[in-house]
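Letters A, B, C and D mark the chains as written, and numbering starts fresh at 1 in each.
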Amino acid sequence: MLAYIVRRTAYGFVVVLGVLLLLFALFFLYAEPIEMARRAVGEKAPPEVLEQWVVNHGYDKPTWWNSESPGDTMLVDHFRSMLTFDFGRSDADDSPILERIRAGMGPSLSLTLPIFTVGVLLGVGLSLFVAYFRETYIDRMGVVLCVLGMSLSILLYIIGGQFLIGKMLRWFPISGFDASPAVMLRFLALPVLVGLAEGLGGSIRFYRTVFIEETGRDYVRTARAKGCGDGRIMARHVLHNAMIPILTRVVVSIPFLFTGSLLLESFFGIPGLGSMMVDAIHGNDFATLRAMVYIGALLFIAAQILTDIAYTLVDPRVRLA
Amino acid sequence: MSLVEPHVLSNIVVAVLLGGAVAAFAIARRSDLWSQAGRELIGRRPIAIGAIALFVSVAMLDSVAWVGGGGAAGNVLEQSRPRSVVDRMFAPDFKEKSYSAPLADIEFYGGADLSHPGSHLLGTDILGRDVLHLTLKGARVALLIGGLTSLIVIPLALLMGISAGYFGGRIDDIVFFVVSTLASIPTLLLLIALIMVLGHGPVQVCVAMGVTGWVGFCRIVRGETFKLRELDYVQAARALGVSEIGIILRHILPNLMHLVVITFVLLFSGLVLSEAILAYLGIGIDGSWGQMIDQARDELARDPIIWWNLVAASTALFALILSVNFVGDAVRDILDPKTLGEGE
Amino acid sequence: MRIADPAVTSPVIATFSKIAGLRDFSQRLQALRDESPEFAALRIDRQYEKAGSIEGVRLHGDFGLEIVLTEPYPQILYWFAMPFTTPVPWEAVAYYDGEEGRPFFKDHPVGCGPFEVSEFDKQSKIVMSRNANWYGVQHPEWKAPGTVYPSEGEAIDRRLGRLDPAYVGRSLPLLDRIELRLEKEHIPAFNKFLQGYYDASGIVHESFDKIVQEGGLSPEMAARGMKLEKSVDPDIYYIGFNMNDPVIGAPAGERGRKLRQSMSLAIDVVEFNRVFNNGRGVPAQSPIPPGIYGYEQPYRNPFRQLDLTRAQALLEAAGYSGGIDPETGKPLRLSFDLGDTSTAGRLRFQFFVDQWAKLGIDVEIAATNYNKFRQKVKEGAYQIFMWGWIADYPDPENFLFLLWGTMAQANSGGPNTANFDHPEFNRLFEEMKGLDNGPERLAIIHRIRSLLEEERPWIELYHRESYALYHSWMRNVKPAGLSLPAAKYVDIDPIERKRMRDAWNQPILWPAYAGFALVALIAIPGVVTFLRERQ
Amino acid sequence: MIGPVLRIDEVLTTFPAAGTRIPVVDHVSLEVHAGEVLALVGESGCGKSMTALSAMRLVPKPGRVESGNIQLCGRDVLALSVSEMRAMRGGEAAMIFQEPMTSLNPVQTVGAQVVEAIRLHERVSFVEARKRTIEMFDRVQIPDPEQRFGAYPHQLSGGLKQRVMIAMAAAMRPKLLIADEPTTALDVTIQAQILELLRELQRELGTAILLITHDLGVVNELADRIAVMYASRIVEQGERVDVLASARHPYTEGLLRSVPAAARRGEALHEIAGVVPSPSEWPAGCRFSTRCDRVESRCGDAVPTSTQVAPGHTVDCFVVADEVAQ
């Protein structure tokens, strides 16, 4: 077990290195540092200030190889800063990136965590309901509704939600954020609702397929033949077997809890990591983007390792070899 | 100025596509499996297939363009521009000064008379352009996003997936590493980063989407090839001394074709929807429905509300995606209910 | 001295380098830091002390400062009025050094106003709260009078009820806390204002018609007790030509000039403002906006009045008859290079392209991201661009220097992106900038103006007009542009706000009940039959 | 006990397809008496398993029993409440399936699955149930039963898994055991062992067995009586000797002739012409008429009824009926 975890983690680390190399290629090989500086410091800045900015951000070093001191290149700096989580300062406004990530995590989590947990529970619950009534009009309508839901762009969910629920029906404030918990609930209600609605179609359909596939399996027939009731079959047999695909889907979405939702956050004015990334995109803030992409990838790789380990706990057939 | 004008190129592409479609149809007819699957598909989802056919024909008609024949008198620019069949369905000066409601005869704001009263079926946008015209033109962009990207994704994924699955060993290790690396980066972020590097424009966006999109399919191809390689008749062919390339072309590839078809259909809707998000971030493709939605979303705040822009673009988008999703479901059921778990 | 500190990378060092010896000081400081790490580790005031004084700055007692410039530059007075030269205690700079959990000084502003910044989140909000240590506070020990609400003011203040006796004599500031919010999506933000979640807001142009009718508030909004304030901003939006371009710029000589003139005549900025800005915005006739010396309201630029016939004639004279480029036999093709890929921007640029299309000129929008655009600018690979400039200080020099040859992008990487380098203009500009406002200066400005009329490096578009809205519960607002000193007079009636907010936000709940009922109605028969069948 | 353990009377079970409902069990009647083994024989897809599942009320959705009467241990199965039916399954009547590989829950130990079967019907402690499970394992000749109790299905061979299935089914000493192709998926040597085991159980516990199979060798080995199904209907029914030795229905004859048997060494193996038609292609009248070598014109007009050819031996065929009448 331990040996497996160690080996799996080691491979994960190799993938992290691959990601870093790719990020380096993406972010350092085309942007002119001096133009990044101009964007950051301002149009009105004289050349020497721009050059100073470039030096301060370390963008003046040789890209790949420095014959004089091999450790002093952008490539090495990139790996060093990423691996030590020393992300430095934003290219756009010189704010410390790590601090901003810390500050943005709270708002992001307060949005994504409810969407995630309620989404999984609701998805599993509703899909069980639909799967239970399979081959009736409830099931067929459910599937059609899911496909309808999946075919709508998230932009429309947001626009529609804000217009209909926020503006016309005035159930919740249209957008905004407040750190005090009581007020926050009111503000988060609408984005959470929209986030749920957007994801629900796909997840119900996915879970439904899983459940129907599992309930069609022979062991369910066996259980029935020995006198198990429907509820017991679902709880003791089907749910446990369905855990494997469900786990894959759920764990893989954990990184998004932290990276937040780009669109929801920027539309609803939530100062989380998602809107931070939208800002970084609009402001050509490569340092921030790079850090966020890296963290996202890191979390994803970690989540994958966790999934693999979780498999061994859920499924006795998976052997640790 | 390049030797081949864009509109000539697109005419050629349309011809090639039509030829390809006819050829594919002819081949499919000869194979029982495919022609039966096709018949069953049409039987199951006649409306959705009709809708897709409509979208495709609009896109085709918008891709066939030629210079001349019309244009406002005296305006050399209009006359020298290639106009597609769809453009020709609308008068070249089919423009107002500003918003007008569907079928209205005065301008929505300001109240001046329109030059084409009562003839804008879906009204006009802020620049006075006919919304129906813009919506129809969006079909071409949507199909370009789906089609061109699939043209990148599918061969790439097949090449990588088959070589990894068939040859195994080092090649498999490398491919698997590349796949894990790409898959680790959140798709949307990777997409954005790629477009920043590649620049804007339809081709660049499609290439970026292709680079991010091939990973999932590659995994499936790799797994299937793994299984196929172990099959008796493939082993037998190898024992008989058929070359590796021969085995791949004759035995492996044809058995992956159903996966290609399913993936294409499933990929398509995801791609078109992602473009809408890119449009919001300002890096979408010009003329797409995503861009129209993005342009129109704030107009809901006007009084009276300007809704037709948003509704036209989103209905078109929704109808296409919905049809494709419905057809996709059916295609999966018919061709392969097992291999492709949903959502993975 | 901090401006000269290379570690600060002040964006205005070039301007202040006109102070004699400032640059020397800067270099000395850098050299000392490079030489010895011990020096660099010294406290900041010791470093400055050791680096020696700045030649051109002399102290006169406790409150006097004499500054010597290397060249005549009257505008420096404006610069001294800007935040760059706010006095800063070195103790604060030394303390906030980013060590031991303390923020850096630039992330932790220090000041002495009625409010202090208690929260500064670049992404979403700035919170200012009452500064207990403000000199204006009526402090029990200091026995100083403290600052109170004034009883006198301009006539307009009295008329608009800003001198309400209920406030006179109350100690300032009236508010405990001010929150400025940054919202990325302006429509939701504005809707929140309308719902009463914000006290004040600008107007987004999409909902303009609902709020403003015939120059005033719409009856509906007026009935809500809303107040509207208007002002013209000291800025200019313009389309520029790259004067180094062989087709459209100076190398094309007379031909290029006529082309530019023609293109300028085709742009209908009134229409543009009507479509995109709800008619707000003053059509620009020259680079100088209202409120800046040299702006003359009656002046009309002959090439900035829409005249398609004349434009076509000029185009013909330039050799592009009907827009046809004789070299290719096709319509003249130009590129409009932009660093804005947003869809909203796209529509605006399309507007101009459509207008030029009326002349038969084929302008292509080349929208790239900002970095790519800057790169193009740097390489000179651009033809037409659109830009804006907001005044740093109220002097015509701040606008006209955008066309000064010395500032040309191609020569110095300066903000003269049009690369306009006209000897006559340069001479006039250099003469004008050192002069004080007066008839002599105005005469030169007139000459510059007519030179620009002919040369057309720019198509001047408009000067923005901004409208601001306030709810009835917000009192004593006096618009003062960006500066905040007036904030201490502002008051808010929270009870009124709560009342109105609640009244405006009564949720309409029946659709929810209806929805639930519908779902139940649809599902129940199915569930019932299903369960019955199971038995 | 009076009367048969299982009595199926004119049962019609249908599945929806293409707008109509297709019968998969078409007015089938049969009886299984205490202590006897009835073999239900036929080609795949002829409705054998569906008949058995109908008896247990386990027809998978969207299929359902439309009409007819099913008596299990004297109780009307179709009228029972859900919980009463649940008590029947595994208690009075148990079932084992064709695929031991997939019929066990892969994520539970086999012991736990048998324990569950016991505890569903009897209020006993886990320890007690475990003891009984291990006894049961011993009885079905699972070696090392204590250790096997904690094994997962994937750790056992096919034969062992089928033994676990039998242990599970026999745990509550049911009156009826439905064995749906219990040996099809197993090696020949294992098959024999499993059949032997079934016979022992039947003898020891007095359980009636409804054996579903297409393998006439198995039938010969185990069955007391035989019912032959073709295209959702029973075409011939009778004592094993009667049916095997003097089959009358052309389909049964065909089936028997297609078995390689020592008795007919040297003869060419018979093949029934054509394939089983799919439900949509069923002919009117006798469903075997399209493949029958003795077909007459009336066969396509009406459905033949049962004719007694010997005591307890019935055949549904016009031609045979005429022969008997003569």
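Structural remarks
Keep this in mind: a residue touches a chain if its C-beta (ideal position, glycine included) is under 8 Å from a C-beta of that chain, and two chains touch if they have at least 3 such contacts.
Computed from a prediction, not measured in an experiment: that's the story for all the values here.
Think of the whole protein's Cα atoms as having one middle point; the chain whose own Cα middle lies nearest to it is A. Ranked by separation of Cα centres from chain A, the top chain is D. Of the two chain pairs examined here, B-C and A-C, the one linked by more C-beta pairs in contact is A-C. Rounded to whole angstrom units, the spacing between the C-alpha centres of chain B and chain C is 41. The mean-CA centres of chain C and chain D are about 85 angstrom from one another, to the nearest whole unit.
Rounded to a whole number, the gap between the C-alpha centres of chain A and chain C is 35 angstrom.
Centres computed as Cα averages put chain A at a distance of 26 Å from chain B. Contact with two or more other chains is made by residues 196, 282-283, 294, 297, 300 of chain B.
Within chain D, the positions touching two or more other chains are listed as 82.
The set of chain C residues touching two or more other chains comprises 187, 191, 369, 371.
Touching chain D in their complex are the following residues of chain A: 134-135, 216-219, 221-229, 236-237, 240-241, 314-317. Of all the residues in chain C, the ones that touch chain A in their complex are 6, 9-14, 106-107, 121-125, 181, 183-185, 187-189, 191-192, 195, 197, 369-371, 374-375, 378, 392, 412-413, 415, 504-509, 511-512, 522-523, 526-527, 529-530. Taken together, the chain C residues at the contact with chain B in this complex read 186-187, 190-191, 204, 206-207, 209-210, 271, 274-276, 322-324, 328, 330-331, 340-344, 346-347, 350-351, 354, 357-358, 360-362, 367-369, 371-372. Chain B meets chain C in the complex at residues 1, 74-78, 80-81, 95, 97-98, 109-110, 125-127, 196, 199-200, 279, 282-284, 286, 291, 294-295, 297-303. Interface residues of chain A, counted against chain B in their complex, comprise 14-16, 18-19, 22-23, 26-27, 29-30, 147-148, 150-156, 159, 163, 202, 205-206, 209, 245, 248-249, 255-256, 259, 262-263, 277-278, 281-282, 284, 289, 292-293, 296-297, 300-301, 304.
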